[in-house]
Amino acid sequence: MFFQQLINGIVLGSTYALIALGYTMVYGIVELINFAHGEIYMCGAFVGMYLVTVFKVPFVLAFLVAMIMAGLLGVTVEFIAYRPLRRSSRLAALISAIGASIFLQNLALLVMGPRPYSFPSPFTPKVYKTSLVIISKVELIILAVSFLLMLGLTFLIQKTKIGKAMRATAQDKDAASLMGININRVITTTFAVGSALGAAAGVMVGIYFRSVAPMMGLMPGLKGFVAAVLGGIGSIPGAMLGGLLLGVAEVMGAAYISSQYRDAVAFTILIVVLFFKPAGLIGRFLQEKV
Amino acid sequence: MLQERVNNGYILDAVQLTRSFGGLKAVDRVDFFIRDKEIAGLIGPNGAGKTTLFNLFTGHYQPTEGDIYLHNEKIGGLKPHQITAKGIARTFQNIRLFGGMSVLDNVLIGGHSRTSTGLLGAIFQNSKDRKEEKEARENALFLLSFVGLETKKDELSRNLAYGEQRRLEIARALAADPKLLLLDEPAAGMNPQETNNLMQLISRIRDKMEKTILLIEHDMRVVMGISERIAVLNYGKKIAEGSPQEIQRNETVIEAYLGVSA
Amino acid sequence: MFSAYYLQIMILVGINIIMATSLNLITGFTGQLSIGHAAFMSLGAYAAALATLKLGLPFFASLLFGALLAAVFGVLIGIPTLKLKGDYLAIATLGFGEIVRIVFLNLKITGGAVGLRGIPKSTTLLWVIIAAILTIFILNRILRSRVGRALIAIREDETAAESMGINTTYFKILAFGVGAFFAGLGGGLFSHYFQYIHPGSFGFLRSIEHLCMVVLGGMGSMWGSIIGAAALTAIPEFLRASADYRQLFYGAILVLMMRIRPEGIIGERRSRRKPPQSKDKKLGKINIFKVIGR
Amino acid sequence: MTRKNVFWATLLIFCMVLVLATGCGQPANAPEGEGEGEGPSAGAEVVKVGMVGPLTGGAATYGTSVRNGVQIAIDEANENEDIPGVVLELNAEDTEGDWSKAANAFSKLIEQNKVNVIIGGVLSSETEAGGPIAMGGQIPAISPSSTATGLTLGNPYLFRNCLSDEVQASQLAEYAVTELGFEKFAILYTNNDYGVALKNAFEETAKELAEVVAVEAFMDNDENFKPQLTSIQTKGPEAIFIAGYYTEAAKIAQQALEQDLEVQFLGADGFYSPVLMEIGGEAVEGAIFTAGFHSGDESAVVQNFVNKYRELFNEEPDMFAAQAYDAARIVIAAMKSKGTSAEQIREGLAETKDFPGITGNTSIDEEGDTLKDVLILKVEEGIFNRIR
């Protein structure tokens, strides 16, 4: 049972990790907790579901279109709700983000109605059994896609020009700007990429759990944020690790401690980790210069 | 808890003080003392470990090795607020005022360790607390007039001019009624006129208020002009110590600054 | 006389003023971002309700009991603040809030998922007004004293505050304790007004609502929190007129208000720019040649 | 900067105006040309019926169904002029699923809208918070779905129209043991008042008659049930009783299938929604659950409701909608027999006896609780069939 639960945790954790990446990228660049990220995840899932069920678009194409649309949405949200507040206090931006989140959630509710939509799996259901674990095809696909996306993101950030610009901006916005980096473009790209990853998570969770609903972003959004902090917010490997750890912690908490206290266990682990590593697992704790 | 030590007449005495950051020894076995009521200077090229030494004295860093004694009482390992209460106050290299607070409030905070009103005192405000607050205000206003900022007392400190901010930092540190005042580059960024005023102010603090002063300063006119004794740090080590005249003639010091190998 | 509806809104405004001003002490004045204020409220609400129901304490004593219990937990959650800063602290408080909610959801004595019913309706508008005024009065006294200055100094510059002899750890915990005390008081009033409590109303969305009140009103402004609490209690009720579009408008209004006044309704404009830096030190380096060469 | 601010401020004010404008047009189903002598409502007295429930937030799907059900009942009554000289107007208020906001909604409906009766709240916590307010305002309220034990006790203004959790869970347990022959049960319940009450009742009966090998919990709006299912799987039950609503039940069944956990799924009236099959697909095939409503019932009232619901809202009704429809019809019947004032409605509700509802014959006892027949349904080839 332990290995089965571990697999359960890793699959859940990899979806958290994908959501956490969106938070952490945005945070790394603009130090903003993008509260509307959970809603972007939801919108991505809706776009994917709509394309597949209504327009009969092949799944892979729908997946990519959902990512692009969510990227555009992320950029729009940044433009309307965050950009005007870039020089204001961080909390003002946070409240604006919360407002954007409420707005998007209820827009979806008005347009789509409150009932969950079914998101039929594009894959023929199949289960792989070994002596230790049972894993389904969808789960394997989620793991593979998450892994590929994370690999792609790492490549984007480490090897490409825009990735370098992102890293430079994350280090020091003013200096990056002096070096001729177009900060606005970097921020736009960050929001687009982060949102696209969120949408990828949304679509995959949609097919995994076979449903899409306007409120589906609320809890995963929160969990993704927690995962990002757990790993060390602003750190990309941290988000991946934090997501996996949170997923495994939640599953193990439910399995071995109490399913009633599942989230309490996960949050206790969070607080304990932060107590010993005040800047998350991978985050650097910058000793303030006196 | 605090070890006593033989009285040697020093207000501050650091023995074999070392502080490492990873492999780097920012301060390396430095012996350093300050006599009561003197103005001492600490100089050295950038990155020599001067501010690290300050941070060790004020408890912002814990010494890796060695001890610090304030009036023969061991203070190494204490927290900054405990050290302030024991009588060391400081200013910062890159001004750290409480920008959103008024000038007067900044000085009142300086007096934090000399007052005692707690939560219940704040709420019920009996006569003792009211008296304490009144005295603290009077003292703060006196210090503001001492540094020449009495007319600005209600302004937000972040709206002050640069030189005024430097002086406010000094007033704030004085409000802690320290035995030893540490000034970290007080003249940085000042014009010659402001620098002159600052030198006079520092001398007055020692003479009128009878404080001991240690300053880090790059402006040699200031250091040489008012210090009675100067220590020179380079690469975390103390390379020279003596009167301004001795330091100016010291070969090692000139080398350290010019970077010429002998 | 007011209709019972307006009376209810006024009572909620009063309770929210207590919540917002007490959170303002922690977040606005001391600068410790907390997204777990609802947890203190629920602790006070449950403790006061249980004190009334199980111990038979009079209303006033129950309120005090709830507030004190919340304060104890405030101190407990204040302890991780020794190390955590900014968003990490925010997340820890959020986690704490969720833990409290889940515990209340599963405990027998609190009625668990069914909630706790049969609490006597002792809260009246007069009680709420007295409590709110008392809260504001006490918080104001604290803020204008040595203690308050120390708290604000921690917000402005923690390192410098410590250098001024302020035991930052102690004062941060104190801020959490005092903030939680009044949040617990608000919770006690809340439970004795609705006669029923359930953990569902004390989730992180409620904490965020409190934070919105503080930020919208203006961080570190007592009047700001009062206005913010009143506005964010009244606006959703006012928006009931827009039926299905209510929450949509609510979200849009939050975004717009922040755009118009990022510093809050009452609050000074402060930018994220860095404090003035000392000028280039190379100037000093050149000086030494002059002096030594002389 | 300032000019920009003026722009945004204008936008904000514009929004506010829009709010008011939409607000004025809000009573969507208020009869057109009220009091102007048009149509059947000429000179008719308008009686307002309030509705309280979650129309936004995580539970919005249940609240919306309730509103839809009530809407149909009221439209019908107005069309048929069931109560001569009276036009009913629905005033729905949102709670966001938060009971303290439900209290505001109750208050507002009573004091501002001056409703004579309220249908709601939907969630038990909403009704718990609203009950005292209804009593204070002397306005009767009838909840279509709040199943919490003892909810209506000591409150003469509070009624409900739903199956009792205790009754349906214990009947199902009995049925599962005696008729279906199961001996080892697992329970997976949602950690809210509904799930807990069902779990307790089922566990009690099932333990008397057979064995309960595992009890696991989940939260409202959860999506991932793998850890609980994995734990349950190791205990090898023959049947799992899911004490929760259809969205979660469908996902549980789905994930159990993926995990090769082949068991009989049992449930309660929370299963009753087409969403169960839409999301659950193959996995929920064969699931057995208790319900008060069956859309396959050939009776005219049921078919009338189902058809109207499809026509108006373009979807199949669920359990909430059906019970809300009945609750509203019980209210209308009370108005017909006693009168339309709040006190008269209260008397009428209290005396409800053998009301022929689409959710079965309904009587209200002296405590305001409902007595109803319990049906047992089974999912067969994607539709619900009645098996008892």
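Every chain is named by a letter (A, B, C and D) in the order it is written, and numbering of its residues begins at 1.
By our rule, a residue touches a chain if its C-beta (ideal position, glycine included) is under 8 Å from a C-beta of that chain, and two chains touch if they have at least 3 such contacts.
In this text the structure is predicted, and so the values were computed from the model without any measurement.
Between the interfaces C-D and B-C, more contacting C-beta pairs are found at B-C.
Taking each chain's centre as the mean of its C-alpha atoms, the one that lies farthest from the centre of chain B is D.
Averaging C-alpha coordinates per chain places the centre of chain B 37 Å away from that of chain C. Here the spacing of chain B and chain D, counted between their Cα centres, is 71 Å. Distance from the chain A centre to the chain D centre is 34 Å, each centre being the mean of its Cα atoms. Looking at chain C, residues 105-106, 159, 244-245, 247, 252-253, 256, 259, 270 sit in touch with two or more other chains. Within chain D, the positions touching two or more other chains are listed as 55-56, 191.
Among all residues of chain B, those that touch two or more other chains are 60, 92. Against chain B, in their complex, chain C makes its touches with residues 138, 141-142, 145-150, 152-153, 155-157, 159-168, 174, 178, 220, 268, 270, 275-279, 281, 283-285, 287-292, 294. Those residues of chain D that touch chain C in the complex are listed here as 5, 8-9, 11-12, 15, 18-20, 22-24, 26, 28, 55-56, 92-94, 96-101, 103-105, 107-108, 110-112, 124-125, 128-129, 131-133, 136-137, 148-149, 191-193, 195-197.
Those residues of chain C whose C-beta lies close enough to touch chain D in the complex are 3-6, 8-9, 12, 105-106, 112-115, 117, 121, 190, 194-196, 198, 200-201, 205-206, 236-247, 249, 252-253, 256-257, 259-261. Considering their complex, residues 27, 33, 80, 83-85, 87-88, 91-92, 94-96, 98-99, 102-103, 105-106, 159, 204, 208, 211-212, 215-216, 219, 244-245, 247-248, 250-256, 258-259, 262-264, 270-273 of chain C touch chain A. In the complex of the two chains, the chain B residues touching chain C come out as 43, 45-46, 58, 60, 79-82, 84-85, 89-90, 92-101, 105, 108-110, 112-113, 115, 117-119, 121-123, 125, 129, 132-133, 136, 158, 162, 165, 172, 176, 185, 188-189, 217-221, 224, 248, 253-254, 257-258.
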